[in-house]
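Order of writing sets the labels: A, B, C and D. Residues in every chain begin at 1.
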Amino acid sequence: MAAELPKPRATREAYGDALLKLGGLHEDIVALDADLSGSTKSGKFGGAFPDRFFNVGIAEANMMNMAAGLAVGGKIPYASTFAVFATGRAFDQVRQSIAQPNLPVRICASHGGITVGEDGCSHQSVEDIGLMRMLPNMRVVVPADYNQAYAAVMESYVLPGPIYIRMGRPVVPPLYENTPSGLGSGADILRPGSDISLFACGIMAAKALAAADELKKRDISAEVVNISVLKPIDEETVVDSLSRTGCAVTAEEHSIIGGLGGAISQVASEHIPVRIGRLGLRDVFGKSGLPDQLLEEFHLTARHLAELSGLVLQSKGC
Amino acid sequence: MAAELPKPRATREAYGDALLKLGGLHEDIVALDADLSGSTKSGKFGGAFPDRFFNVGIAEANMMNMAAGLAVGGKIPYASTFAVFATGRAFDQVRQSIAQPNLPVRICASHGGITVGEDGCSHQSVEDIGLMRMLPNMRVVVPADYNQAYAAVMESYVLPGPIYIRMGRPVVPPLYENTPSGLGSGADILRPGSDISLFACGIMAAKALAAADELKKRDISAEVVNISVLKPIDEETVVDSLSRTGCAVTAEEHSIIGGLGGAISQVASEHIPVRIGRLGLRDVFGKSGLPDQLLEEFHLTARHLAELSGLVLQSKGC
Amino acid sequence: MLQSPKTRRGALGFFSERLSPLETQKLGKKANLLRRDIIRMVAAAGSGHPGGSLSAADIIAALYFRVLRQKPDDPRWPERDRFILSKGHAAPALYAALARSDFFPASDLVNLRKIDCHLQGHPDMHKTPGVEISSGSLGQGLSMSIGMALAMRLDRLPGHVYTLLGDGESQEGEVWEAAMAAAHFKLQNLTAIVDVNGLQIDGFTKDVMNVEPLVEKYTAFGWHSRAIDGHDMEEIIAALEWSRTIPGPAAIIAKTVKGKGVSFMENNAGWHGKAPSAREAEQALAELEGKKVPGEGEPVGR
Amino acid sequence: MLQSPKTRRGALGFFSERLSPLETQKLGKKANLLRRDIIRMVAAAGSGHPGGSLSAADIIAALYFRVLRQKPDDPRWPERDRFILSKGHAAPALYAALARSDFFPASDLVNLRKIDCHLQGHPDMHKTPGVEISSGSLGQGLSMSIGMALAMRLDRLPGHVYTLLGDGESQEGEVWEAAMAAAHFKLQNLTAIVDVNGLQIDGFTKDVMNVEPLVEKYTAFGWHSRAIDGHDMEEIIAALEWSRTIPGPAAIIAKTVKGKGVSFMENNAGWHGKAPSAREAEQALAELEGKKVPGEGEPVGR
């Protein structure tokens, strides 16, 4: 499949493209941004539909509440800014005025994770998934590549309630050859396996495949599952996978607290207690550097994922 | 021990009393509030030390950043408001200006949980523990009664880095006969047992003891552990307890996502995979009602805790 | 303060001429009814916020019984005017106005804050008919109003959005983000009313965190803004009408008395969020009854 | 705009008389040096924010090379003045000023944003000597400055806090929470300087979200406030001195040009957060060199 794959593109580009497409299809779509419409790519919509685009300046709280008001007024608002500000700067607004009243606001944030790079820790969001997962009614989506991000945004239009979709800054290698019709249950088994489950989201899904390759050389059969919908998480697929493999490693460009690792740990300890290793930021903030340097520094590579898998396998069943 | 116990008091009262005491002992303590100094009890300090007390009005973001600035200026700031606003309304401020620079700001929030009562969901914080747990450097404390809250506040003065302490609105029955010298490791085995571990925090600790009584009638030996320090959590005590009992239930006045249940699930699935049931708000917001009615409605009672324990025991080892 | 009848005509021409003395009196009675409802509700609930509900009673009465075009039997009628209670803790005043406008039975009022009653401690748009948005966390209502006003403008709907804020609430920075944005977006269909009762929870606003001068602040943020007596029904109506004629957002800075109408509650921060005892409620009601025109019954609805 | 030498004396009496032409020229050269550093740093990093660093260069030069009382060999000297860069993305300008004031070697500058260099993309108080607070998330610096100014007042320290904000940043509501609070707390030892370069990321501030009139806004929020040309060294120094004489917080609204000094960057939103290529950097440096007094070397430190 690798040969025909499209070229690497950023998930935020998919947001821009899909939003533009949606805007042409649906009159009731409006978009908002907080002075980052070039980075988040919402500007494409803004250029095509200036009357339905509201740049609120650097005022994330106001943006989220305006989105809520627009939703009450019958619109389907797409609101974007960097992930760290979309979730943290306006948490109470999202909580009280979007999640609690269950309004169809789509928060499409860019610059999730540490691959933000040189801007450093203030701009690298490593808690956003955890923050959004804590909110009742909120659907939490982390696409793995351009095509999946495009599908996630297209699909979001018809879904009820509030949605958080996390996009990234850098180009990422393609994982899905074509644009899927939607995310389905949000848990795609990319490769079946029997010794260990690798649950990954975002850019880590591709790395999980690479890690599975490495593990294969050591005669370890790893099942790779791309979890694109972190909430509501597809418990059945997770539990099935764990019942086949008996242990797992999670991988995410996010804190090991509260994100994918937290979600899988909770599912496992409730339904099928097995050992879970969590790869992610080990409760630290990021720093400045090139994206790849940071991924290495914070152990978010296929190599580290394979290593951790080995450790988890050693203590499997202990 | 029940006979000599002091009368029920609210943990927020302990905050007011301890802060007043600390203020007399240490010149470098300052306190801030956001128009809730009567409710949080920071007003006691304000009355005694008006020069060191800053009421910023209804401006939680400004309060947290002012606290950061005061800390940079060599003060030990205690900042209080309702838990929902302390953590959610000012999350980015706490993240960027307190947690990341590791400043000794003590965020002492009142009105954690649903026992806020009649004010309803907008004022009932059921995500604050999860939010604060996500932040590197942040110590997260949930005292179980007046005496423990008093100890937590007194002890906080000498600890390094940022601290979040969650206080509650209603009076709660005493659990600790005397004021402990500190919280120790933050995991107190209130009652040893061998069949199941009950990990509880805040008002649920007392209910866990009552649940253990109920379970005893059914010949089930429950170990009750009061987790007052949710971060850094005392992994050793948790793992030891789980290795003795082989399963657990967590109980908290908080969402079952990301709080105590999340923390214990992560520890278990990393170190000692056993079945964990989580008692708490099942991913819903609160509502108006009397505190006790709400505890019943949301299943935060000793009875429900005992019931869930029974279910977990049934599938123990499955 | 009052302008001539001609210029006081609403932007859309549907306001009646200058209030007649009889109409003024009628609206005053409605406000008094809301006040009595507030006392009964909060006393029955055993908790709640009487002070800021009473200070807003005249403004809310003016809106619900004179200015707002709404259809109680069709609460989501697209052409309606919207009222947004940004200071959500004044829910009792809003609930009373909605009940007395027949959005739901007035008999519900005494179940305020009771478990399973739709009348939550703070307004919930999905539970209570007529509540446009959920509120309770201060400082968010004006921003939401902007969103609603923009949606209405996009849909060419004629309605106007009226948003009521507290003076303490105006300490929230988001209010000023919203103020800046409403002016930038030239929202002609938006009016902010600030209930300047001079008190917040911890004391006088000027002592806790001075928000004045509010007229100048709104002006500097690009609004048309004017000060009124928030208990003078003629001034209130005139200002609400004036605000619809402005080619941009308009701010009405309404000087009020917290706890207005109940002697022992007036100007007393202690009554911000405390329910009166049965005896206190009786005294409050007696005082309010005294202000009622003798012989007046308890009218239900308009 | 300039006042007489007598009234321009700083509050604490340590300001010199009116700037001599020579001193003005010297400060101008320092600003030029900072500009060249900024270009070199951002070009070497391959990313960063030249536009808002260049617009602030004169203000930051005035502060670091004339106004601030600091001890580079004792960065935490309690009596020092504090400079807070609320618009943290202008870190290159701050780092250059710190290096040229000997807080750390100027040779570090080219390692801006490189992994393991202390010069983070946004200021980190624990990594870089002389950085007073960490910033990067906009809108928080003025609030932190209030905390610092209060701490200094409690400790009876003589220092003054100068905080630099962006005009786009002034859209954050927290800035207005802070403005309200600083006036309420009567902070005499606090000066806010707004770098009004008229641009933010998405375009002209007046188009994206108009923040003007800023002088009136600060005045309505209880500050003394005045407008200056943020590239006129005499006006900058005069305003900074004036601000120390005010019995409360003072705001300096500095009109600037984003990208100032580099023709192709001036007034161009595209250069907010983009590094020049090697060729572009060369051209920029040549332009800036041209503005240098011929024969001048590259001075290090004051």
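Keep this in mind: contacts are C-beta pairs under 8 Å (C-beta built on N, C-alpha and C of every residue); 3 or more make two chains touch, one makes a residue touch a chain.
Please read these numbers as outputs of a predicted model, since none were measured by experiment.
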Practice item. Would you mind naming the chains that touch subunit A and likewise touch subunit C? Key: B, D
Check your understanding: Rounded to the nearest whole Å, what is the centre-to-centre distance of subunit B and subunit D, using the mean of the C-alpha atoms as each centre?
Key -> 42
Review point. Which whole number of Å gives the spacing of the CA centres of subunit C and subunit D?
Key: 44
Review point. Roughly how far is subunit B from subunit C, going centre to centre by Cα mean, in whole Å?
Key: 37
Study note, to complete from the structure: Touching at least 2 other chains, the residues of subunit B are 56-57, 59, 61-62, 84-85, 89, 92, 95-96, 100, 121-122
**Study point:** Touching two or more other chains - residue numbers and ranges from subunit D
**Key:** 124, 134-137, 171-174, 177, 180-181, 184, 209, 211
Check your understanding: How would one label the connectivity among the chains shown: line, ring, star, complete, or other?
Key -> complete
Point to revise | Partner subunit A, residues of subunit D touching it in the complex | key: 45-48, 88, 113-117, 119-122, 124, 134-139, 168-169, 171-173, 200-202, 205, 208-209, 211
Point to revise | subunit D partner contacts - residues on subunit C that touch it in the complex | key: 171-177, 180-181, 183-184, 209-211, 213, 216-217, 219-222
**Study point:** subunit A residues touching subunit B - in the complex, by the definition given at the top
**Key:** 84-85, 87-89, 91-92, 95-96, 99-100, 121-122, 127, 130-131, 133-136, 255-258, 261-262, 264-266, 268-270, 273-278, 283-285
Check your understanding: Tell me, which parts of subunit A touch subunit C in their complex?
Key -> 30, 51-52, 54, 56-57, 59, 61-62, 64-75, 77, 92-93, 95-97, 100-102
Study note, to complete from the structure: subunit B partner, complex, touching residues on subunit D are 124-126, 132-137, 140, 143-152, 154-155, 173-174, 177-178, 180-181, 184-185
